[in-house]
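Attaching a single structure in structure tokens format; questions to follow.
Chain lettering (A, B, C and D) follows the sequence in which the chains are written, and residue indices restart at 1 in each chain.
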Amino acid sequence: MDIKREDLVQLYYYLRLTRRLEERFTSLYHQGKILGGAWTSNGTEAVSVGYGYALKREDIAAPYFRDMGVFLVRGITPKRLMAQYLGRKTGVTGGKEGNVHVGDLNFGVIGFPSHLADNYPVGAGVALAFKIRGEKRVVAACTGDGGTSRGDFHEGMNLASVRKLPIVFICNNNQYAYSTPLQLQMAIKNIADRSLAYNIPGKIVDGNNVIAVYTAAKEACEVARDGGGPTFIECKTMRMHGHSEHDSAKYVPRELLEEWKKKDPILHMENYLLEGSISTREELEDIDARVKKEVDEAEAFAEESPYPDPEDCLKGVYATPL
Amino acid sequence: MDIKREDLVQLYYYLRLTRRLEERFTSLYHQGKILGGAWTSNGTEAVSVGYGYALKREDIAAPYFRDMGVFLVRGITPKRLMAQYLGRKTGVTGGKEGNVHVGDLNFGVIGFPSHLADNYPVGAGVALAFKIRGEKRVVAACTGDGGTSRGDFHEGMNLASVRKLPIVFICNNNQYAYSTPLQLQMAIKNIADRSLAYNIPGKIVDGNNVIAVYTAAKEACEVARDGGGPTFIECKTMRMHGHSEHDSAKYVPRELLEEWKKKDPILHMENYLLEGSISTREELEDIDARVKKEVDEAEAFAEESPYPDPEDCLKGVYATPL
Amino acid sequence: MKEITYLEAIKQAMDEEMTRDPGVFILGEDVGIFGGAFRATEGFLEKYGTWRVIDTPLSESGFTGAAIGAALAGMRPIVEMQFADFITCSFDQLVTVAAKNHYRWGAATPIVVRAPCGGNIHGGPFHSQCIEGYFFNVPGLKIVFPSTVYDAKGLLKAAIRDNDPVIYCEHKYLYRRIKDSIPEEDYVVPIGKARVALEGNDVSVITYGAMVYTALEAAQRLKEQGCSVEVIDLRTLLPLDNKSLFDTVKKTNKVVVLHEQTKTGGVGAEVSALINEYCFDYLDGPIIRIAAPDTPVPYSPPLEEAFIPQVKDVVFAVEKLMRY
Amino acid sequence: MKEITYLEAIKQAMDEEMTRDPGVFILGEDVGIFGGAFRATEGFLEKYGTWRVIDTPLSESGFTGAAIGAALAGMRPIVEMQFADFITCSFDQLVTVAAKNHYRWGAATPIVVRAPCGGNIHGGPFHSQCIEGYFFNVPGLKIVFPSTVYDAKGLLKAAIRDNDPVIYCEHKYLYRRIKDSIPEEDYVVPIGKARVALEGNDVSVITYGAMVYTALEAAQRLKEQGCSVEVIDLRTLLPLDNKSLFDTVKKTNKVVVLHEQTKTGGVGAEVSALINEYCFDYLDGPIIRIAAPDTPVPYSPPLEEAFIPQVKDVVFAVEKLMRY
């Protein structure tokens, strides 16, 4: 697939933005400014940026909780996200929800409900709506390796396959579900093999290569858009931080982390852009400066934003209150 | 596998007994004596008889609702079963439950809870107990083709595969889930392919051939007993009655039924026994006469049995009442 | 006007809404080819096609989740549970996803889940349950439970047009047992409004579903004894219509709450607590709850009869209150 | 005697029971290698091995079902939910299978499901819920909810030794916030018995879980005003200890019910209804319920504070009752 220079540069920008924004969340969490917990996608940003970028404006994403890149790519601003993390009224959910539990249909993003893989059937349902209405739209739903052991994974995949729905199922295989390594989660080597049970094509991609993820997702989107049905894409990557920012992840062998560190997705993309003379060191530094500024501004915005009013607690339970 | 003559004759006896007993249920249902509903395994008896017979005394079965053969093979008497269907105090569950919802741990049979595939994780748990205690025992859990689309199918299979539990998963693929044909249930041709997602060997057997089912189940049991982990066995057969005895099953093409009728499992076994000179027409007729007598006696026993007392309604909610 | 059954009313409501709004569609087990286990969607497949009458794989969580997704994408799905009992399998999708979408991130989830529930049909523990208790402590859901042919149609239409997830409990015992003639024109019965099923002055029996008929029969018997019973049919269980509750209490000062759902943690507990809290000074006696005992629904007829509240139980409770 | 935390008490209970009875084992997500998200099973894997401390795949329904199966085969499994909120995924196994096995076909299902629940920890809608309301209308289950270090240990031991499925609610806010010294010898706290947390004469506050401390603090403040509050800690929610409820009502004649669970359909409704039904003549005022509002648990601190019942709410209610 031929990718335009501007897209490649954008992919780099979003990788950087995702990384820097989440790093800021981490530091704010350690400062006690983000309460409860903070999860980052550190080391796996290429997955969310890659598949998020593969979607068209009219498409819909049903991300999971390490998909910061999807929010950003789809246009939810760092300001609103930062305010979300700080529990402010200006956050994406006005303080009702915390951190990664972000959803906004104006940006085609479905809110992640914590319970892993619940979004697989939900995603299938969005695709069903497109199919019923005869729209050429696609949905992408993502979960972790852990999430693929849940019943809803099975029911969502199966339903989508029977009806050949326009959906791309993504799996962020970052080797662990919290502390649980793959071999305690499943008896298969490749999660892509799960798709054999549904006659859904199962692809395996390098989850640290944003271009590979983007390309595979884009192709799968086009297949789905053309009535070819679902694809399952396993993105092999590695969670480089703890499960959440309070977890030191002692259960992960240091060597494993060392090995994956060399494959850092940002580094990888940087090299690709520079070695192929697609971009210059200068341009990339400019991008990084822009990103830093955006993150700083986001933090300032959030810090200045008011908390929601206590009475807001009672509002919004129903769309049609009685 | 070499099967002893007496076992072959017993298999025939149980096929016959299952068929006749269920035929009686059907007729009692139409007489209004069995209330609510009646489901039979008509045409698929070789599945439950075959895998039930493969279990040893100390093994456990977690059957589903077309597994009358399992109850019988494991020694639950036609009398108690008939009383169960007629809602009598002498029934297996004393009137608390109806019809096929039979369980009795004294006979190593776990009660089927209606909700299809719930027994897959439950079966895995029984196997887990055996494994923890280091016992050389095996469990067999069965569901229909329909049940394989449920999340619990996935979660049970996956858990069993990760821990290599001593379990044999059986699927009675009788082509339909109520009115829903296979192609609206799954995008794969063979249900056995579902097992690829778990690295569990998936076998396909002729579900109308009791010897084939028995042999496959027996082999799988021995693999499991020896620590080799689970096997999944798809038994291809055909539901010859409606979903329940009130359903005329107009949605099933007549030709399909005609075709399968020729493969009737009892006829098949009869021919096998006679053509191989393993048994004689006389012996088989004797068996049938014995079976008829048993069913008649069961009916008489049940009809004479009292109904439970209304106060029994309040008893038995807890094993340890407060 | 021709008389139709409760079941036919349900069917008509769906049919008319599907004709009116292309966003309405149905999914569930055997709703298409077979027309539904209870025939509520008979002929729909032919009329609306395989994309609006969807025979799903056997997977309650999956198809409920799919309904939620379709709703988020602008559709108005109707989910049919084959029996209400199987809704346990989609509990997570309903409670975690559907109920909380709007509060959490502002997205409306207009789905209707039809739940054929209730006993008296010899269905045993898994084909007889009332399931409102599972969802009654879940903010964000609405629960309705019609008892009449008129309400069966009007509440279903209201549920389909509502922007929130609605669990529509339909009592299997009533399907073909009650008939009525209803208006030919389009109408809805608003969610959140109880109904006075029978006016009376001495004691209020607050109930819903098939038990409305038990209450009415008890009222009839009590009338012969000179006792005037008011029967309130809640119709909507979540959120409850507090005003109607309080109005009847203020009038009669004596209350019996009656339901087929098991007693502990049932809707009756909430009704009782609300009345106690807000109408304490109007109460001339304890609020007596009549409900199924805290057991699964047994199969055998004598047991099931002991399980399901009977007319005599209501009469007995009212008499007790009258003596108070 | 050394002081230990509520969390340590939970850990000790499991450890001692696992040592005492080889049938006891633990399964759930991250309970082995990691020692549990809250460290309740730290060191257990090393001590008891991979077959008694089982890191499961992420599959609540699957491992709850497996626990049920193991229990049927004679074991006594303890299931750890990582957060109580995820119990929605195993609702079907608990309600359909575990709760009904014994009634339906006479098989005991001795499982314990540990459910780390409750708010005040900035967990948002999915890491803060109280889940007792989901199961409170399910005959066949038992639900306990300790508030003290002593009870945390004693009730967990009782739950493990009990032959029925027990949902053991443990409040995350209490894990490391309360400490006490408890007996070194083996003891159990019987299931089904409430406890008088504070004796008093004027008003009863009936509560459980972390709200016990809210009630005690309110009682302290009210004492300064000359009002003597009795605080009842329910400890077991299902089945309720009716006698203890009725005893306190007969003594004080005024009742506040307090819980962190949302109001409609909460345990408080049942408590209120029971008291109304059986102690009506002893009541000198309405039963006031203080509970979380009918919303999901919001994340942002001002919202969460508005959500969780506060000391001042209890004081206000008691004052109102005192004026009655």
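Definition applied: a contact is a pair of C-beta atoms (placed from the backbone, for glycine too) under 8 Å apart; a residue touches a chain by one contact, two chains touch by 3 or more.
Molecules present, by chain and UniProt name: C, D = Pyruvate dehydrogenase E1 component beta subunit.
The structure presented is a predicted model; accordingly, all values stated were derived computationally and were not measured.
Colleague: To get from subunit B to subunit D along touching chains, fewest steps?
Modeller: The least step count works out to 1.
Colleague: Give me the set of chains touching subunit A intersected with the set touching subunit B.
Modeller: C, D
Colleague: Using C-alpha centroids, which chain lies at the maximum separation from subunit C?
Modeller: So the chain farthest away from subunit C turns out to be A.
Colleague: Just curious, how far off is subunit C from subunit B if you go by their C-alpha centres, in Å?
Modeller: Using C-alpha averages as centres, the distance is 36 Å.
Colleague: Between subunit C and subunit D, what is the gap in Å from one C-alpha centre to the other?
Modeller: From the centre of subunit C to the centre of subunit D is 30 Å.
Colleague: Can you work out the whole-Å distance between the CA centroids of subunit A and subunit C?
Modeller: That pair's centroid distance is 40 Å.
Colleague: Two-or-more-chain contact residues of subunit C, please, as numbers and ranges.
Modeller: Residues 56-57, 59, 61-62, 85, 88-89, 92, 96, 100, 103-104, 125-126, 139-140, 239, 293-296, 298 of subunit C touch two or more partner chains.
Colleague: Could you tell me which residues belong to subunit B and also touch two or more other chains?
Modeller: 93, 96-97, 101, 113-115, 149-152, 154-155, 158, 162, 184-186, 316-317
Colleague: Linking chains that touch, what shape results: line, ring, star, complete or other?
Modeller: complete
Colleague: For the complex, which residues does subunit C have touching subunit A?
Modeller: Answer in residue numbers: 25, 51-52, 54, 56-57, 59, 61-75, 77, 92-93, 96-97, 100-110, 139-140, 142, 162-164, 191-192, 239.
Colleague: Report the residues of subunit B in contact with subunit A in the complex, numbered from low to high.
Modeller: Within the complex, subunit B contacts subunit A at residues 149-155, 158, 161-162, 164, 183-188, 193-200.
Colleague: Going by the contact rule set out above, which residues of subunit B touch subunit C in the complex?
Modeller: Against subunit C, subunit B makes touches at 35-37, 87-89, 91, 93, 95-99, 101, 113-116, 146-147, 149-151, 177-181, 184-186, 251, 307-314, 316-317.
Colleague: Given the complex with subunit D, which residues does subunit B contribute to the contact?
Modeller: Residues 60, 62, 92-94, 96-97, 101-105, 110-111, 113-115, 118, 120-133, 139, 151-152, 154-156, 158-159, 162-163, 316-320, 322.
Colleague: Across the complex, what residues on subunit C touch subunit D?
Modeller: Interface residues on subunit C, with respect to subunit D: 85, 88-89, 91-92, 95-96, 99-100, 103-104, 125-126, 133-134, 136-140, 238-240, 261-262, 264-270, 272-273, 276-278, 280, 283, 285-289, 293-296, 298.
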